[in-house]
Every structure is written in C-alpha cells, then in structure tokens.
Amino acid sequence: MDRVKTGITGLDEMLGGGFLRETANLIEGAPGTGKTTLGMQFIYNGIIQENEPGLIITFEEFPKQYYHDAAAFGWNFQELEKKGLLKVVMTSPEVSRLDVESVGGMIEGYVDQMGARRVVIDSMSHFSRLTQDPVELRSLEFNFINALKRERLTCLLTRESPVLLGEAYDDSSIGFVVDSYLILRYVEIESAIRKALLVLKMRGSDHAKDIRQYDITAQGFEVQSKFEGQEGILSGNPRRMAASFVEAFVKR
Amino acid sequence: MDRVKTGITGLDEMLGGGFLRETANLIEGAPGTGKTTLGMQFIYNGIIQENEPGLIITFEEFPKQYYHDAAAFGWNFQELEKKGLLKVVMTSPEVSRLDVESVGGMIEGYVDQMGARRVVIDSMSHFSRLTQDPVELRSLEFNFINALKRERLTCLLTRESPVLLGEAYDDSSIGFVVDSYLILRYVEIESAIRKALLVLKMRGSDHAKDIRQYDITAQGFEVQSKFEGQEGILSGNPRRMAASFVEAFVKR
Amino acid sequence: MDRVKTGITGLDEMLGGGFLRETANLIEGAPGTGKTTLGMQFIYNGIIQENEPGLIITFEEFPKQYYHDAAAFGWNFQELEKKGLLKVVMTSPEVSRLDVESVGGMIEGYVDQMGARRVVIDSMSHFSRLTQDPVELRSLEFNFINALKRERLTCLLTRESPVLLGEAYDDSSIGFVVDSYLILRYVEIESAIRKALLVLKMRGSDHAKDIRQYDITAQGFEVQSKFEGQEGILSGNPRRMAASFVEAFVKR
Amino acid sequence: MDRVKTGITGLDEMLGGGFLRETANLIEGAPGTGKTTLGMQFIYNGIIQENEPGLIITFEEFPKQYYHDAAAFGWNFQELEKKGLLKVVMTSPEVSRLDVESVGGMIEGYVDQMGARRVVIDSMSHFSRLTQDPVELRSLEFNFINALKRERLTCLLTRESPVLLGEAYDDSSIGFVVDSYLILRYVEIESAIRKALLVLKMRGSDHAKDIRQYDITAQGFEVQSKFEGQEGILSGNPRRMAASFVEAFVKR
Amino acid sequence: MDRVKTGITGLDEMLGGGFLRETANLIEGAPGTGKTTLGMQFIYNGIIQENEPGLIITFEEFPKQYYHDAAAFGWNFQELEKKGLLKVVMTSPEVSRLDVESVGGMIEGYVDQMGARRVVIDSMSHFSRLTQDPVELRSLEFNFINALKRERLTCLLTRESPVLLGEAYDDSSIGFVVDSYLILRYVEIESAIRKALLVLKMRGSDHAKDIRQYDITAQGFEVQSKFEGQEGILSGNPRRMAASFVEAFVKR
Amino acid sequence: MDRVKTGITGLDEMLGGGFLRETANLIEGAPGTGKTTLGMQFIYNGIIQENEPGLIITFEEFPKQYYHDAAAFGWNFQELEKKGLLKVVMTSPEVSRLDVESVGGMIEGYVDQMGARRVVIDSMSHFSRLTQDPVELRSLEFNFINALKRERLTCLLTRESPVLLGEAYDDSSIGFVVDSYLILRYVEIESAIRKALLVLKMRGSDHAKDIRQYDITAQGFEVQSKFEGQEGILSGNPRRMAASFVEAFVKR
C-alpha cells in the first residue's frame, strides 16, 4: 500500500508506515496538545523528506503565526513558500468549501501549479460556524473532505476538543466520515500532566492499538513509549493498576 | 429454526447459529469499530458461502468506497455486481423509505430480479434527518424495517454511536423495534484499546451473553475469546477484578 | 388477599403470591429485557392455569408478531383467540384512551363478552406521543389506568427504559401512579451480561426486596436466585464486595 | 416545646419528640418509599392517640384509594370520617391555594367544625402544574404553606422524588421554605433494596443526624436501627467501609 | 486590620479574627445548614458583644419568623428592636436595590438613625427573580453589594445551594464579586449526616484552609474541630483515607 | 528567547524563564484562587524589577479596589500611577474592543505615552456579555487579543471558572486562541483546601508539566513544591496513590 510518511518519530510505525495516500486523517485534541505542530510537521517533512509540496489552510491564525511557530522548531516556512513548495493560506470555511467544489478553484490551482500532495486543514472545528444543523454540517464536511481527496491530496484535519481532561460526550459525526482518527489527550500521572496519543481508527490498514506518550520537543512532535501500569488513561485521571499491588505482594 | 449465517468467525456461534431469517438486526458502534466491515462481510459471505444475493443500501458513501474497502479484505464487489449477486445502492433515507412502501419499488425490484435475500442499511442513523420528532422517527424506522422484512430480506442495520468510550444516555428507541441488537465498544485495557462485542438482545433465540473481544484483521471481522478478569468492560474503562487480588493472596 | 398469579417461576413468590387483583402493575426495562415476554406469559398462564381470559393491547407491533413470538415458547395464541379466551388488539394511545372513557367501548366489550380479567398494555411509553406536557401526560395515564381498573381488569403495563446499563434520571411520574413497579435491568458480571429483576414497590402487600437474576428460556421468563457478593447491581456495573476480600484474608 | 407526635415507632425519637406544632414538614421520596403511608399514619395516630382530628388533601387519588390503602394497615378511615374526626378531600392545587387564602374557605371550615389540628398535603409536587416559573412557584408554595400554618395546623407535605436510586440535582426550593425536611431513599445493600430515612433539617429543634433503616410493615411505617459499616448510603449505592477491612486485618 | 467579630465559637479564629470591616461576605448552603442562624448570630453578637447595631433584610420570611427562631437560641430580637439596636425588614429585591441606590433611602436611614454597622441579606438567591440574564444579574448584585459597602456596613449575604449532597455545577458568578466566601455542606460519615464549613476565599486576609465540622446547638452556630481521616469531604460522600489502612498495617 | 519575567517565586521557573514577549497568557480559576493577585503582581514586578510600565484593564471593579487590594501586599499602586508607570483603567468590553481596533485609541495612547509593555485584562469572562453566539465571541476575543499584541504588549488575561471543585465541561474556545494557558484549582487534601497551579500550554517554549502547590501570602503569589503521592489532583478530590500502600507493605 502507498504510504504517506509523516516523518514523525514513532508515529509512522503506529500507522503501519504512514497515512494511506489520498485519505482524510483527523487529529483531535484540547488546547496545547500539539495538533497544529503535528500538522506543520506533516507538511514540512513531506517537503523535505519526501519531496511532496504541501498546503496549510487556516481559518483563524495569520500565516505569520505559522512562520513564527515553525521557526521555533527550525522550520523555515517562508523560504519554502518562496521555493513554491509550501503555501499557507488564510481563508474561511465559507470560501474554501465553495472553492473546492468549483472547477479551477484556488486549492485546485495550488495542486496544479505547486504539485501539492498534502494539505492540513486547521481546523475543521470552524466548519461549525456554517450551520447549526448537524445533518447539514455533516454533509458539508463530507463534501469538503471528498473534494480534497478528489484533488488527490492526503489530508490532515485538526479538530478542537473542548474538554481539558476526561471524556466528553461528542455530538459530532466527523469521526464517521474520515479515514483515520487520532486522539490527543492530557493525562495526569504522578502529579504531572503528560500527553497521550491514540490511533482510534484507520480504514484499510492495521495500526497500533496501544496508548503512547508523546511530547513536543525542540524538534517537534515525538511519540514515545506506551504507558505502563495505569488503568483509565483516556479518562485523563488514571489509577495505578491493581496488578502493581498484586505483583508487589507476590514478589515478596 | 432457519438461520442466516454471517460466516464470521465466532459470531454465528454467539448468535446460536446465525441471525433468524427475515429479521432486522442492529449493529451499533463508534467510529472505527467495524460496523460497515461487518455488514459487507455479512453480504459477501452470504453470496459466496450460502448463495444468497445481497444488497447494500448506503446513505452517504459512494459505491466505489465500498469496492475499495472490500478489496482490502480480498472481496471483489464489482465482480459480484457484474454477476448479478450484489448491488451497492447509494440513495437517501427520503427516497428509500418511499421506495419500500410502494409497489414495484427499487428494492422490491432487486429482490425479484437478483433474488436478494440479505440487505445492509448503512446507516440507520441517517434517518434522523427525516424528522426532529422522536415519535415520528420511530414510526418511520419501524415502517421501513417492516417493509424490508415483508420483502423477505434478512436485514443488518448499522447505527452510529457518538460516544468513543463509556456509556451514553441513548434517547433512541430503535433498540425496541429490531429483532436483535449487537453492540460494538472500545475498551481500554492495559494501556491499549481493544474492541468488545455483545449480543444484547435476540428475539426468539438463545444467544451468548458474554462480552467477547474481536478484531478487524486482513480477513475481516473476527470474534475472539471472552474477556477475563475485568469488571466494567462496557464502561470502556474497566478495572481488574478484585478476585485477582484475592487469588494472589490466597495462593501464597 | 385476592392474588392474581403470574404463573412465572419465582415471580409469584417475590410478589407475595401474585399481583393484587384489579391493580396496575408496571414492568420497566431496556430493549431485550423481556417485558413483552413477561406480559404474554402473564396472559397465557392466566388463561391456561387460572381460566382468566386476557387482552393484549399493542400500540406498535402487529398481532402476528405476538403470535410468532408466543409460538417460540410453545404458546398457541391464535388458537386461544379462536376459543375466545384471548384477544390481541393493535390500536393507538389516542383511540384506546377515548375507548376506555366511553360507555360501551371496545375494551369494555371484551370484558363483557370474553370475561377478560387480565390486560397487558404494550407499551405505556407510547402515551408520550399524546402530549409534550408532563402534567397532562400524567393525568392521561392516570385516567387510562383507572378506567382499566374500573373494568375490574388486573393490568400489566410495560414501559421502555432508554438506558442500556446504569442509572438514568427518570422524569416520568408513572411510577407514582401504579400499584406495583417492577424493574428489569442488565448487569455486567464477570465479563457477561446477566439480567436482574427487582420489585421496587407494591402497594398493600409485602414483597421480596432482593435483586434476583432471571433469564428468558425456551419456557419463557424464569426468575432465579438472588445475586451474591456484588455491590452496585442496579448501576449495571457492580463490583465484588469488599467482604469477599476480608473473608479470604480471615479464613487463611 | 409543644410536640406533635407522629406515633410512628422510632420517628418521634428522631424528631426529638415529634414535629413542632404548627410547622410545615416535608417528606420526600421516590415511588414506593411510603410517603403517603407515613402521612396517613400521622393523621390516624393523631386521631386515635392524641385526639387531634385531621385532614388529608389529595390532588390525584380518590378518597376511596386512601380508605382502601388505610384498611390494609387496619385503619378504618371511613368510620373516622363518619365520627367527624377525619376528612379526606380530593381537590386541586388551583382550588386549594385560593381556598386557604380566602376567609371562610373549605379548609378553614374543617378547622372550625372538626377542630382539625393536622393536615397532610399529598403531594406538593402537583403545585408544579400551576406555573412554569420557579420564582412564582416558590411564592405560591410559600403562601399556601403559611396559610395552613395560620389555621394552626401542623402540616405534613409529601413530595415526589423522580430518582429511584442515587442523588439528583434538585432545582426545587421548597426545602428552604419548610420547617423540617425528611428524606426517604432506596439503598442497595447486599443485593437487596432497603429503605433509608434521614431528618435533614428541623428548625428550632435538635434531631437525630443518623441515617436509619425503615420498613413498611403490616402495622405501617416502622423506623429501625441505624445503618452500620456502609459508606455512601445516600448515593443509593453504598460500599462497605474500609474500616471493616482494617478491623479484619488488625484483629488477626 | 479592623476585624468585625462574629462572636461565633471557632469562626473568628478561622477568619483570622473576624470579617474585614465594610466587606461583603457570602454564606452558601443547602436547606437546614444554618445560613440564617449564622446571620442572626452575627447580628446578635454584634449588638451584644461589640455594640454594633444591625439590620436583617429578608426577602421571604416575615420578621416574626426571625423573632421566633432567634428566641429558640435565647436571643430576644423584639427587645433589641425596641431599644433601636436591631431592625428586621421584610422587603423585596426590587425595592431594596432601588433603595440603596437612591439618596435618603430606607437602609441609609437605618444607618444614620440606628448607627447600623452590620447587615444580613437573607437571601441573595432572591435576586435571581429580577432578571433571567446572568450578565444583568451579576451587575445588579455587584451594584447592590457595593451600595451596602458605601454605607459602611459589613455585610453577610446568604445564598441557597440547591444541592443536598455532592458538588454542583454553579453557574452563578456571585462568588467573584464578594470579599469572602464561606461554604456550608452536608457530609455523610459513618451512616450519619454531619455539617462541614469551609472558608474558600477571603480577600486581603489569611484564613483557615481546613474543612471543619460545625453544629447548630442550643447556643447557636458552633464550629468544631477539623475532619480527620476522610478523603473527598466536599463531595458529601467521603471515604476513609487510604492512610488509615497503611497505618493499621504498619503499626502491627 | 525574550522572556517577560513575572517575578513571582517559582512561576518564572515553571514558564522556562517567564512568558514570551508579546504573547497572550490566560490564567483561569475559581473565586479566590488569586487570578487578580497574580495579575497585579505581574504588573507590579514588571514596573519595579524590569522597568516595564503596565496597564490594568478592569471590566467590573473600581480602580480603588485594586489600590486597596495591592496595598495589602505592600504595593503602592497610586504612587506608581502618579509616576506614570501604571494605569488602572475601568472600562467595558464594548468600549475596549472598539478602542483597540481604532487608530489613536486609549490603550494605544498609554503604550505611546507611558511606554506600557504589560497589560492585564481582568477578566476576559466579561466578553461573554457582548454576544450569545460562541462563533462571534471567539472572533471578538481573537481580534481583541491580537490588537493588544500588535501594540507589542505582553498580556495576562484572567478568566473566571465557575466550578469550585472538580472538572467542568468548558464550552469556551479561548484556550485555543491564547499563547499560554495556566490553570488554578482548588484541591481537597487531608480535610483541607490547597491550591494547585498547572501550565497546561505554552506555545513556542518548554515548560514545567507538573502540578504545583501555591499560596497567596503576605508577599503575594508564591509557587511551592509539586504535589506528591496523590492521584487525580485536577479532579479537586484526589486519592492517595496506590503506590503508598505498596511501599508501606514492601518496606516491612
């Protein structure tokens, strides 16, 4: 299978080699979990390591915020833009959904001219401003995502989770529409906050099922080892596993 | 009793031999739990193993997505369509509910022409767009399901669950209307996500009551052994059973 | 006191001999917990064992579904109908509430002609379609139930619970209006789903207070022994009692 | 202080001798917890033991239901009515709130003619049908209760709790308006349902603070001993106290 | 710092000597927790022990209810009113908010004539009837409180908490507006209900941070010792601390 | 990187040296957690220690309340205002959002005249009065914050959390918009209330991930050591870690 490598330490291995080409991949997380960093790195590594030009579509922050945030990791986005390998576009859900559905639109143009192969949508949450009706929203999202896939782009879609810790009832249906679904979570362990990554779903491919620690370092997103000896990690508030007790007793 | 075999490893045994013929069977699960895979496999095995042609009615994805997803498991859906043994139909709840209630409709046509015996509705959740009124929705669903049963079809109905982990208050009444009710759930165990299957209800037949692990492998849906030593599996966040403690102590 | 025996193994004993005559008795449960089976068996045993003709009023399913479901337990409902001992009536809450309040209505007719002594209403949940106003709904339900009691019928009323596991906030007030209140619940124990029955309330009679297991067998509803060594059964997600620990330690 | 004895085993002792005279006392509980039984017994014992005539104001059930329910405990309400010592009045919140606020109303009449000293209002929950506005409802309830107190009646007010087990968020403010507040709760202990009584509040008097078991026996309401060795009783789903563990270990 | 002593056993010590002069101090609690008793005692002790006349502004109960409740603690409010040291005023939020904002209002009058230094507002919860808009409510409350402070009054504001046990989501913002915030809570310990007091916030002063037991005795409000060996007191449903276990084991 | 030191004991170290210059930093907490104290100290230390003039924009309290509260910590705000190093401005969200978006506005004026480098917005919660629409609110907040950053101010934004203990579902999106996000929480430990500080997010910088105790002392905000041996601190209701048990046993 044709894999689109993220180039992120530990992540490609979890994904069985990378995302599948021309699929839509959702990254969901609370503020500060690194969704945008993951997206920028996906685009940067695509350009540098795989020679695949990329787009970043932003619905809120200005391009210069991305240049600035990328620079902190040593990624020179402005230079890549000058070379025609990257384009950071600030637009709105209203405009971009019409754009992808018309012939000769902006995104189609970047694909044609730059040869863009990857796109980050930061974030899909802004689509909720298009309509209050969940049925219509699902249809809009589905059509937008499919239009991107028709442009043969491999898509990374960020989504904001409003819950800082713990599980929330999620009334969104976007998880059903995408090809893969990655979840970023805060977890309190030993009086500190760690970050957890889970590949919940990946259509048409095997993937790691374990919950791994990750961190945002000076080099960017870095997936680390699996959590050990904890129950209820995804609740954000895990407990030491009973097993640890038993072991401690039995070993005596 | 006349059993409609799913041909899925472990599942027919849980169902006491398979679904009962001409019944409506609900499969509910979160994104990525494999509802559609289960449905495709039910149809595929029906054709290949039992010589029972089948229909897949989809309300969102295009047929080519099903061809593509099926191919990943080695199931050649396009060939089966050419042979007249399978039909993947993309339509809407609006159209299909009218269709089944009129004489000489499309679905009736496939039953007559192809001899279709099985149908997958993917997914019943899209019916919620027909009305905001839960009483009317129940009536619409009930009538649709009964019309399919009158066509002597054995029906597998998928339903999307919005909750990733844990129990949700479910205000739907479709569970009361169907003949059997299967639940797919994510479960966090030892810092990894596993999948659990439960046959909650099966009218007119005995069935397995235990909660089993399952996985989506290269061959499709595969039901495995029962969970052991866990309490609260259906909460998504189980704990090791106290019994394990006691045993550990007592064995010393 | 005049007892109306259900003839269901274990249930009459829990009820102190059976329901009280000419009372309204509520059976509440999630899909698949066997509310309708319990109702059919109450009617069937009344006819066969106590020579008390009975009515089943259904607001959704067709009579043939009842014939079919009853047949699976070896109960020949169509024959009983021919003998004038049973009547399965499909109607609506709208019609039946007017019926019982007028002289010479249908239900009154069956009481007069068949000598019906027992009635099942399957289900009271459909009354919610009559009004959105909880005060008016309560009044409608109260009047309907009282009208049935004036016909000297002993009533078994089913009610759908939307929650599969766990406790739900119930904003219905029907529990205050009925004479007895039985609850059916799913319980996860040792990685399997069992069923629990509780007689919460019984006006004018003592009753069992313990929570008992039950099952739907080939012979119908069967109440079994009390649960043992579990805490929190009605939460659906019980835990082994601490007592088991203590015992295990102390016995050493 | 002038105490109004309930004559109920164990209850007067919890109340420091009985309710205070000319106060409003709230009894809140789920279906089947015995609110009405407690009310009837308060009136019956008042007449028989203390020579204090009483009124029962009902907003739903017919007087004959009270006669029937009382008879099950051996209390002959119809005879007491004939003797002019008791009056069971079925009315509505609309009528009775106007009645108590006008001179020469029905309730004033019973006080004057019968010398009524006690009243049961069964139930205050029906006041919610007078208005949707919580501020207005509180004012209506406050005025109604005060009017009863001005008639020098000692009032027992029942209130329906919609929650079968567990704690509910209660948006009512009636607890702030009354002089005492008694809570009846179901509790699951050792796989059975027991009943718990708590005097939460009692203005101007000391009272028992512990949570006691009670039961409805052939003689009526009977308060029993305190619960022992349980934590979280009022959650409805208590756990054995850790203390039991420690003890078990230490005693070895 | 200038301290306004409550004269309540244990409370002044928790407050670092008393409330700060000319501040607004919130007391929040469920029915029966003693908010009004605390308020009355604050006023009574002010008059008797500190020679500071006081006002009680009530929005629901009549003054005679305060006289009566005070008398139960041996406090003769009517006599103090005759001496011009106390005034219990029954009014409405509508009137009193206009009153404090106009020159020469009633409250200003009492300050001028009686030399009032302390005021109790019983309760601030009644302000919610002025508006449904939380932003406007906050502004009304803020202005009212500030107007009282401009009169150089030290204010004790009661607030009703609708939750009997456990933590509630509180959508009020009054806690941000006041100078100190005291919380009264019911706690279930060893099958009985105890009362807990916490000083959550106190602007400009240190204060006790521990959760103390208190009781309403014949002498009024009495703060007692800190809770010991319990976790989760403020949940209302605490558990014995694990530490107790460990100790028990280690001591052996 | 250019760091803006808070000068608060322990906090700069958690932030990797201080906030990043010209960023927006959110401080969220319940009443009494010290948000405003932290803000005042940030401004005060900026002036005294770093020679950076500062602004405090308040949407509710009067400047004199800040003077008074600051004085309690020994900070003479009025003197600093006279020296032109500080300005406390009481305004409204309506006015200030227009102000920052126009040329020559008030805030721009203070930056130009005073050379203000730091600003506190106390509190952002008041923006919710501008609109009920969460999409519009986010846009207003985003634009306001960006306008402040364009003035080259380093911003500390307070935000009120309505929950006293425990985790709340937060439907605000401001956390996604800011550069760093600090959370202040109450925690119940050993029957007392302590305060916890967490740096959840910090764009473009490493930061401490552990949850630290802090207190408001006579010198102001003081960050102390990490919590130890507790699980679930951010729930507000932590439990002793199982590890403590194991240790206790193993050490024997």
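Annotations
First chain written, first letter: the chains are A, B, C, D, E and F, and each begins at residue 1.
In the analysis below, a residue touches a chain if its C-beta (ideal position, glycine included) is under 8 Å from a C-beta of that chain, and two chains touch if they have at least 3 such contacts.
It should be emphasised that the depicted structure is a prediction, and the values quoted were computed from it without experimental measurement.
Taking the definition of touch as given, a chain qualifies here only if it contacts chain D and chain E alike; none does.
At the chain A-chain B interface, residue numbers used by both copies make up under half of all numbers present, so the two copies contact each other through mostly different positions.
Note: centroid distance chain C to chain D, computed from Cα atoms, is 29 Å. Separating the CA-averaged centres of chain C and chain F is a span of 58 Å. The geometric centre of chain B is 50 Å away from that of chain F, both derived from CA atoms.
Residue numbers of chain E whose C-beta contacts span two or more other chains: 239, 242, 245, 249. If the chains shown are joined wherever they touch, the resulting network closes on itself as one ring, and no chain has more or fewer than two partners.
Starting at chain C and stepping first to chain D, the chains sit round the ring in this order: C, D, E, F, A, B. Chain A contributes residues 30-32, 60, 68-69, 72, 125, 128-129, 160, 162-166, 168, 186, 188, 190-194, 217-218, 236-240, 242, 244-245, 248-249, 252 to its touches with chain F in the complex. By the touch criterion given at the top, residues 135, 142, 167, 169-173, 175-178, 181, 183, 198, 200-206, 209-211, 226-228, 230-235, 239, 241-243, 245-246, 249-250 of chain D touch chain E in their complex.
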